[in-house]
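For reference, the structures are reproduced in the following blocks.
Heads up, the next two complexes both have chain A, just with different partners, chain B and then chain C.
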Partner chain A sequence: MVEQTPVQVFRSQEKMGRFTSPAFYLKIAILAAFIITPFLFPSFKSLDLVLKIMIFAVLVASFDILLGYTGILSFGHVMFFGIGAYSVALLLGKFGEPTYAFLFLGFVIAILVTTALALLISFLSLRVKAIFFAMVTLAIAEFAIILATKLSSFTGGEDGIIMSTPGIFKVSFNMGSFMGVDITGRVITYYFILVICLILFMLMARFIQSPLGRVMQAIRDNEPRAEALGYKTFVFKATSICFGCLVSTIVGGLYVMWVGYANPESVLGVPIMLDVLLMVIIGGMGTLYGALAGAAFLRLAYTFLPDLQSLAQDLLPNLHFVHTMMERWLLIFGILFILVVFFFPKGIIGTIQNYLKTRKAV
Partner chain B sequence: MADSNAPPIIETRDLTIRFGGHVAVDNVNFSLQPFTLKSIIGPNGAGKTTFFNMLTGQYKPSQGSVLFKGRDITGLSPAQRTKLGMGRSFQLTNIFPELTVLENVRVAVQSREGFGFNFWRNFRHFSHTEDEAYATLQEVFLDGKWRATSAELTHGEKRKLEIAILLALKPEILFLDEPTAGMSQEEVPAILEMLGKIKDVRDRTLLLVEHKMDMIMSLSDTIMVLQEGRLIADGEPEEIYKSEAVQEAYLGGGTVRD
Partner chain C sequence: MSESIIKNHSRELTIAAAIALYLLPLLGMDMTTYLTLTIAGVAMGMMIFLVASGMSLIFGLMDVINFAHGVCFAWGAYVAFSVFNYFDKLVAADSLLANFMVFLIAVAAAVIVVGIVGIIMERVLIRKVYGSHLFQILITFGGMVVLRELIRIIWGPNDEVMPIPLKFQGNWNIFDIIILKYPIYAILLGLMVFIIIQMVLKRTKLGKIVRAGVENPDMVQAMGHNIFLMFTGVFAVGTALAAIGGLAMAIFSVQVYPDMGDAYLIFAFIVVIIGGLGSITGSLVGALIVGLSYNYVAYLLPPLAVGVNILIMVIILLIKPTGLFAAGK
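Presenting the complex of A and B:
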């Protein structure tokens, strides 16, 4: 047997440690938490919180493929989320009784429209410099918002579209009790969305570790160098955009399946784009799993920080100063955000990864 | 020494370039035997890098032609020339800073093998590209750093990494523009040792541009000297060292560095 090089040794070690590493157990634990949530906390509020964390994690991860792995800043990412959302909402809400066929068709149309639009944007604007690309995508996203608002006969304008889901996804559906929990349409929808999100996440994890994904990271680092190596960087960047946008649009469709409505504010708005940006920064750019950390941080903060006010009133009934502080919960959020950025300059996951890497090296 | 009767791998015919009225390279005819190492020297502003840029396609000559293995490549772009088997390094280091040292080279191996556009399989299925990248790192004495992020390397190590990236593309001829530029005195011998090792394998042709005459004397098979765009001497290091024209150019006409 020929002596192994350090690279080969490392590779076989990593292969053997694949299912025993702490990171693997952590992933399993997180997945288990998502799976048992409906049994531990069957209230709608907790399901809603947990599922939205998952949905946003996938949305943010797809944005991270563009920003963190390919070095493309697109402000139009949420627009694709909106396309998926509107497409599914339109088909389920505008053609009478919702059916599985309409649901499926909604996703198909979303995917087709997104692919065409993502390709169009790539060809029109990928050749310009990064900041101009960001501006172009912002303009297109704004245009989409105006379109959704003004075409009110088609999209319902500001009010949007309210729809219900077909068959087993229907809220009123109930297939009986299992381990003390009613398996309603809600719970089934929860698991359905969870499974699709999981598949999408695994696809993305695979994508970034594929030969193509590796080239993208090289392009992010030094595009002229990658081009000089013989890679057609434009094709790679366009592929990355299409892939990220497709994930985004599917997640958009899943989102309306859960919330039951789509309007410009909830699925297209600039605030959502800002949330996605915040999540990717908090979690860590170019880490993929940072998306989950960022989404969890933001959704938890949005859900529980407003509760601090009543908590403060209960605990410290006489300190009006604290009440006022807690009323302005966004202020607290701002401070939290600054703390995170200060102590985790590369995002939560990015900084932890860095720390582990340097500790290993020592 | 390689067979001196073999057809040259690269040659130029009356190569000339003018920038406005200034003739930067003036009627240079040269040829290079495969599997040898040639250095281009000359005082500052002699047109060495300009000449180089015409060989690798960054500049189009005003007149004359460049032949690669007998084929006229004067009209080809740098990328097309890379595909033909010409690899070139620049004075400024050009690497992927956030990737690991191994990955920098692996991406180059992957490009050569042409399966970059595979988005389904895990890159580890292509472990042979990693092994090849590691072997290339051994060639440039950088294997000890394979796990480091390349931004953490010293300047000299980055130059080595850059050369490893070039080697991974398996070019038939390697153009190195001042491989020791901006390097500390301690780092230079390691680069020379590496170049000597690549040369001794005799499976590639190397062409260097260099300022420092002393350092390439022992390394080069042949040396050509440019002065004010003209080729004033071309021969073995011994001849060049003794040549009066060269002494004149360095001591009289131009400045001697170091």
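Presenting the complex of A and C:
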């Protein structure tokens, strides 16, 4: 019998415990929760909240592939989200009656444009210094916003594009009721997006476990060493960027299918970039499932913060300062962001993982 | 033979080519428009230079990219706005002396206030994350959000009209060429700052230490200089430079608004990438390139105005990825 290497031993142990670990059941439970949501809470508001958590979880996870797994900070990630959104919205909204072919074509164009642009950006900026990447992507993302706003004949300017979805995804579509819930186009879209998101998420989980993903983590931890071991770090980084951006652009298309419009503020703007950054930091960099935690935390906070604000108004009617602070909630988020970066650089999931590890060691 | 000419005179040839390139827009407009645009472009370039040089200085010495630099620009503009409103008599006075006095007061106030903001930022935020680019970017990005919201709380979220000293308004008419007064003052201000920075860096002992720090911070520390104190100082100076740029820009565009720094942060990034991170001369050249191209293209093909700068950045990244000038020059 051949002696197994430590890595092989570790992997076989991991494989044995794959279906019995509590983490596995937790994942199944979360998935089940996503599946039964339309039946438990059929109102649009709750469906919208859950779906946005889902979409942002995948978007943030794809950002995490770059930031947490490869160690590249891109401020243009939301731009790719916007490219997907605009591409689908343009094809469905500008050429008369929406059809499945247009929907499909929208995704294909988005994927092609994203691949080309991601490759171009990586070739331009990765050759020099990693720090250039953040600056170059920020400049190009800003340019994309200006382009989307200024080319109003094409993109609809500030107002953006309003479109409807074809066939069974149409809001007015109704397939009859099932278990007391109307299976409308909304619900079908919800499940469609859920399935695609699940596929994308599993793809990403597989990606980071693959040899390719492991090289990326090596690059993140010590780039000169990875290079010395013979890996062309540039190729790996460019692959990682392309992969992350592709996921982001597909999610952008899905998002626009759900909300039915695309404008610069909702799919390209700096606030979304800030949201994504916050989510990835809160959830934990370098933990794919942290994206889900971060997205859930922030989306829930957005949904219930207005209630909190009115509560504060009721409790402290005379403190003008508090109201100003609450109105400027971005300030609170900014401070929260800094505090999280300082004190929980590993985020929610990372901190929990660390805790479990130390407990196991003791 | 021809090769040696190119080699020996490459510097002069480059300059000549650049000048020829910048005379090209003449084909699309008449002489007066060209001159007006050139002056506006140089003035804008000087303001961008103020922002970019601070950023470049900070990066050169501390290896920190400050994403909050744009908001320091806006802070400078708002402090000047407050000063001008407070001394409204001096602003409205019909005398060059009074106008310049209030201008200098505004510059001093902006430098002091934003310098203190910079010191606080360096001490509280950046001190803890030296060495990790990722965390520096994240932290300064967070600082940017907080500082911008503070502007909204202190000065209100709306656009405001910037009061302008009386003698700064209007224009001179020289041989039928109308030259606005303020851009000339802005250019002089920028040149003055450039000369002062260069003098301090090249002629004083402090500048020598800073330049040595750019090359090898560990060695400077080993020589017994407190490099962390220097970091704080350079960071404060860098943010103060951005503040001067902001106040100059606010007078130029006659308005202040909380997000005004964002566009200039992008310009500054483009400039430091073109000019080379950590180089003051590079910042000046890059800023002039950006300011001039922006103004020409904005006149000829308005929608492409921002695009052309990104295009220039892309070309420079392709042919000389480290920027036009080396760090520390």
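Following the convention adopted for this analysis, the second predicted complex is superposed on the first by the 312 of 362 C-alpha atoms of A that agree within 3 Å, B and C clash if a C-alpha of one lies under 4 Å from a C-alpha of the other, contacts with A are read in each partner's own complex, and residues count from 1 in each chain.
Going forward, contacts are C-beta pairs under 8 Å (C-beta built on N, C-alpha and C of every residue); 3 or more make two chains touch, one makes a residue touch a chain.
Everything quoted here is computed from the prediction, not taken from an experiment.
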Practice problem: Once the structures are superposed on A, label A:G106 by its partner contacts, choosing first (chain B), second (chain C), both or neither. | Solution: neither
Quiz item: Does chain B (first) or chain C (second) touch A:G244, or do both, or does neither?
Solution: neither
Exercise. Determine, under the contact definition given at the top, whether A:G160 touches first (chain B), second (chain C), both, or neither.
Key: neither
Quiz item: Looking at the overlay, what does A:L124 touch: chain B (first), chain C (second), both, or neither?
Solution: second
Quiz item: Once the shared chain is lined up, is A:E227 touching chain B (first), chain C (second), both, or neither of them?
Solution: first
Exercise. Would you sort A:L73 into first (chain B), second (chain C), both or neither based on which partner it touches?
Key: second
Exercise. Report for A:V7: first if it touches chain B alone, second if chain C alone, otherwise both or neither.
Key: first
Quiz item: Touching A:I335 in the superposition: chain B (first), chain C (second), both, neither?
Solution: second
Exercise. Mind listing the chain B positions that touch chain A in their complex?
Key: 78-79, 82-83, 94-99, 102-103, 106-108, 110-112, 115-124, 126-127, 130-131, 133-135, 143, 146-147, 165, 169
Self-check item: Residues of chain C defined as touching chain A within the complex
Solution: 65, 125, 128, 133-135, 137-139, 141-146, 148-150, 152-153, 262-263, 265-266, 269-270, 272-273, 303, 306-307, 310, 313-314, 317-318, 321-322
Exercise. In the complex, go through chain A and note every residue touching chain B.
Key: 5-8, 10-11, 15, 206-207, 209-215, 217-218, 220-222, 224-231, 235-236, 239, 243, 361
Exercise. Quick one: which bits of chain A touch chain C in the complex? Just the residue numbers, please.
Key: 67, 71, 73, 124-125, 127-128, 130-132, 134-136, 138-140, 142-143, 146-147, 150-151, 270, 274, 277, 281, 324-325, 328, 330-331, 333-335, 337-338, 341-342, 345
